[in-house]
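So, here's a batch of structures to check.
Two complexes, one shared chain (chain A), two partners (chain B, chain C).
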Partner chain A sequence: MSVIAPKFRLGYFLKGIFDNAFWILTIVTLAGIPAIQIVLFYLELPVIDGELLTAFLAFTWLFNPTMQVPLIKALIYSDLFRIVAFPGFGFAALIAAGTIFVERKMLAKLQLRVGPFYCGKVEGILQLAGDGLKLISKEIIIPAKADKPLFWAAPVLFVGTAAAFVALIPVAPGGWVVADLDVGLLAVFAVIGFFPIITILSAWSANSKFPFIGGIRALHQMVSFEIPLILSLLGVVILTGTLNLSEIVESQSSFPWIIFMPIGAIVFFTTMLAELERIPFDLPEAESEIVAGWLTEFSGMMYGLVQLGSYLKLYAFAALFVIIFLGGWTGPVFWPPLETELITEGIPIPNYAGDPILTVNAPGLPLLDQDPNEWVLQQQGELQYTSGQLLVSGVIWFVLKTVGVIFFILLPRGVFPRIRLDMLLHIGWYKLIGLSFVNIFIALGLVYAGVIGPGGIL
Partner chain B sequence: MADALFLAISVLTIGSAIAALEMRSLVYGSIALMGTLGGVAGFYVMLDSPFVAMFQLAVYVGSIAVLILFTVMLVKRELIFKKIEDPKRKFAGIGLMLIVILALGAVIMDSGIKTISTDSDPVDFREIGGDFLTYYWPALILMALILAGSVMGALVLARREDTIENEQ
Partner chain C sequence: MAEQVIPTKKMPPGLQVENVDDRIMTLNVGPQHPGSGHMRIIVKIDGDYIVDADPDPGYVHRGEEKMAESRNYITNIPHLERPVIHDSCNILYPYVLGVEDLVGIEVPERAKYVRVIAAELNRCIYIQYWLAIYGIFLGHSTMFMWPAGDRELLIDLMEKITGARVTHAYFIPGGVRNDVPANFEDVCLRQVNYFEKRIKEYADIFYDNPILKARTEDTGVLSREDAIRLGTTGSVLRASGVDYDLRIKEPYDVYDELDVHTNVLKSGDSYARSKIPWLDMLESCNIIRQALEKMPKSGSIRTKLKPNPKGREDEVYRRVESGRGSAGCHIISRGKPEPYRLKLSVSSFRNLIALPYLLKGEKLGNMPAVYWSLNYWPVEADR
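Our next item is the complex of A and B:
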């Protein structure tokens, strides 16, 4: 007899299932369907193929093969998709999840260990899912004397601020960004400024010694490294004359700014490591001195949320480095163009002998183009690349560069020891600020010598 | 839509300003102050000047509020929760505030604010930068010198002879 379920009866089991089904059906009928209808009443639904999409039409089209492609296309170009899935939260969370696994495995290889090994047969690739399930199912323990509202709010605020940071990152040409601001870089600085507040508030609200020490250290570190961070990016702003991140990327179509601003790139990378609290700057979480720093009292999914937020932040910083110094999505377009016949006449499907017997007409193709007329223009030679081609190869270049930068962020963790607090402040206040001023003077020299910038040679 | 947003930001700003004054806990008071400063940033966004709004967020919420929080956390715990009740002062303060608000409102309404058109284009921050570097450059340099002087003065005041000798 199993100890886990000593009173197991098939009847009880079936009764449980039927009870659950009954209550789910009841609640959906009484509350779910009216709620969906109320939401649909206020939603602005798109017009597809000259017809206003209603809920009934959407359900009909879901099972109509010729209308599925336009429906998916309308979904992809909606704001909700941008916020939730592609350039926004989902994309960043996917990269963050990959980063966590790669970090553990790569550090293990660097230090001649095995790393995650047992979950999911092949090199432990399901370790992350297992950890996530564990975190969700664990109890959330609040310290007895903690300041409860702040303690609950801090992880959520941390993830929210990291997601706001992610929302400012343009991923592909053609406005693939959640919030395309004219003052995007300033918005990034404003968002970065929120992290120390949340850190110190969560550290204070835990009402415990280790989190408070960690929080004070995090505050020191973040506030003193924010200044070189802002100064190191000003050189690029002087050269491009804009604060819009998409325009900064477009200004690097022939060469990335790291060629002219290597000092700025080095300073920004160092401050990035410090803002992310990664080794060698992980004093706020120094596990050999103060348990886990300002994360000590978090348990269960609250800890999971803070970890998710910090890895979203890591992705966003790496993407910012790519956008400002490495040219973002620029790179050779290698995605081949589709043939016009596929769009105008349909997709021919051959039989076993190779003779086309059936033509599937898929209206709405190309899926990744906002304007299907671009295909016709490209066939006539008036347009070099369609936006679909640019999107696919742009995303691939962007992800490749970002993953490279993330690799260099992860690498010091396996190589360097933690530095002392006074060394950290010395680096931040003396060396990095001086170097970033040198960088600004290089930028000003390039502008006034007439090399780059408005009216320059390049 | 804009009116509802304006009302919401106004309620946030004024409500959190009152909360910042009335909260017993200093930490919650400074959080409410952050709400006020963020609400002011929201007003700047509504007034089509995102440049100023972002600087408001980065400087006031991001730095000044952190400074206030840091100071508050260094205060002794008894001082944080000390209760001072003085209804006379409270009413005097409210009266003074009303007088100041009325006077300022009269001055502002008397000025030419009514003739400003509301549908003009947003202010380009490049123009602001250009103005600063051409027409207002003496003021800019004066401000920079005053700031540098105050930072140097603070460094001199904060310098302690004994610790430096101990380190050597």
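Our next item is the complex of A and C:
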């Protein structure tokens, strides 16, 4: 194996380029285009302006100013967009990336350091991208006697489960959620129940001692904290009488539940830290005791996937706290109403000098208002806020509250040392379960005293 | 390690060390483990409990004692401080005192005070480094960064005095290598006062932290009798309630002219063992301030030696209180420029003897807390 770079020869260089071009063209023609055609055949395509959107029309309309906006609008209201981009994976991954950046910089400030600084010129903002590239380019090493299928599957399953958790989180009013279930909270509990299984399977399949100890610790921790987690949320279910997360948010339009259930909120926050394996509950990854716990044998992008999954999980838990205790997207609507003159009078298209030469009547504007009549109703005083206003300010409130909760999740890392397994189990099984029962009794008291609920004063 | 010296300890019920093999898992903690240092601890665990711990040092053995036999008394200085470079002045101190005895020279008064200041500064530097590692061993990353950052203050000060950041090679037989710079007193006083203010803040985030207290109190308890029987020194001994500080019991240089207090805690657990060095740092700040006040403002800092001094035919043993405990140096001279035999008696190895005794019956999560609270420096134990 030679490590000396071969001598440069123009002929070989050109041959390499031609070879690459040949194979790319061949593969795209023989496999890529048929694959796209097959996928397009099964896609459910929307009807825009009386015409069925086909692939050919999509390419044509992309360059047609009158049809661009309806095309984008059709995309926004498709299921694919929800899963991939806005309330689903892309949105969560964006917040997770922001979380990692904020965590590094905030912790650095707390510890009198600078933190990532050089990558990306501005305060190391591209450090995460650099780390991701490094992880992707690293070799994946699997222990010799590991159970390979399980070991490969564990990081993917972990991210998949975290993404399933994210899919249950409603972000904005009007059904902006990937999976709007009537048993949403129950589904959340079910998804959370998968994490210890994945953890112990990956730890066991690595066939190594430190991951095994870490997996057992993770199992102890997650199972014993799941019970107070579920119990602490039951108080809200008793008060609202629903398991649908969107309806739980709607029930907090005048006050958030944390006012009535601070004990439940504290219990849920503590269990959240434990489920997320964050300091002071990072026993499954305790570095000085068991190297990196159940992550010890993961290398390269397998480790990166687990980290991605854990930060998605962090976002999802913070969002769940916001939805259940802090009122989700509810808050004062500050977004000004969008005017409908855009629709009635059209968009002026300027020439190269900037003078309008053409007015285009674009259907489907503005993007966020589904019903153009809402503006008319609002002018007549029959409607307080249009759905576009509610959506924009709702999302902004939701993101602000979630970022605030994430900040408080990150903060203990700079303040507390790690606790011990027996202390952890003691907290979980004695104190938190007791406190969550107290919380349930408070909720029952509020309902039976007639303070909240049908006929109550609130 | 003599087995019969180690007293037996009462184990929690239900734990078995022998007979049932498949209950016991053997962990090699080290030498490539984030919680080990340059050594290995072979730990046998039964569930979460440690039933047997066998420290295995020797990965960083450098043969300092053998090297010393082929070098003369002056060229021995730079390599004898290598076993613990973060405390290089204190590890060199007993050697220098011993050589002064053998060669028979007097040290100028100003040099004695400069030595005390440098030794106390170096003690703080060492303890800060030790404390940083203790913090990260307990998962407290702020306690890793704060001492590591505040240590720079004193490192800058030592750089001003000696010209080197870590390996100073500052003490030589007959005094110190060079004089302190001009206006050193002001700079030193300012830095030390700020340093003291900073380390007092550690109590808020670390020593008064309820989780830290709950975790380290009543773990790895070393009673007063066992601490004496096992031969521990320094902070480990003082945490177990034994008032033993060589700066007071066997004062060397000018420690008898200074008002030195020693810190003793009774409980003997990991928390007390981790707190004693921090209290020592505060005491060091007091000593430095006193020494700066009493130091002669001018004068010689070194008695001239002959180019290649020969020791008289004798043997000498001197010891000082280093950052970890008593550090001793036994030199046998046969009238040559080189020592015939040089033995370093270091506190790290003495404190390590307590480790298997303390770890038995502890939980695995307590291992880093107990291990690093012994004020142990692996490279020094191997020499």
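The rule is simple: the second predicted complex is superposed on the first by the 433 of 458 C-alpha atoms of A that agree within 3 Å, B and C clash if a C-alpha of one lies under 4 Å from a C-alpha of the other, contacts with A are read in each partner's own complex, and residues count from 1 in each chain.
Assume a contact is a pair of C-beta atoms (placed from the backbone, for glycine too) under 8 Å apart; a residue touches a chain by one contact, two chains touch by 3 or more.
None of the values given here were measured: they were computed from a predicted structure.
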item: Touch count on chain A, higher of chain B and chain C; value: C
item: Which of chain B and chain C A:Ala55 touches, first, second, both or neither; value: neither
item: Partner chain(s) touched by A:Val333 [first = chain B, second = chain C, both, neither]; value: neither
item: First (chain B), second (chain C), both or neither touched by A:Asp282; value: second
item: First, second, both or neither for A:Asp182, with chain B first and chain C second; value: first
item: Contacts of A:Leu421 with chain B and chain C, given as first, second, both or neither; value: second
item: Which of chain B and chain C A:Ala97 touches, first, second, both or neither; value: neither
item: Intersection of the chain A residues that touch chain B with those that touch chain C; value: none
item: In the complex, chain B residues that touch chain A; value: 27, 31, 34, 50-51, 54-55, 57-58, 61-63, 65-66, 69-70, 73, 125-126
item: For the chain C and chain A complex, residues of the former touching the latter; value: 25, 27, 33-35, 48, 135-146, 149, 205-206, 209, 211-212, 214-215, 363-368
item: Of chain A, residues touching chain B in the complex; value: 147, 150, 181-183, 186-187, 189-190, 192-194, 196-197, 200-201, 204, 219, 223, 226, 241, 243
item: Touch list for chain A against partner chain C, complex; value: 107, 110-113, 209-210, 213, 279-280, 282-283, 286-291, 413-423
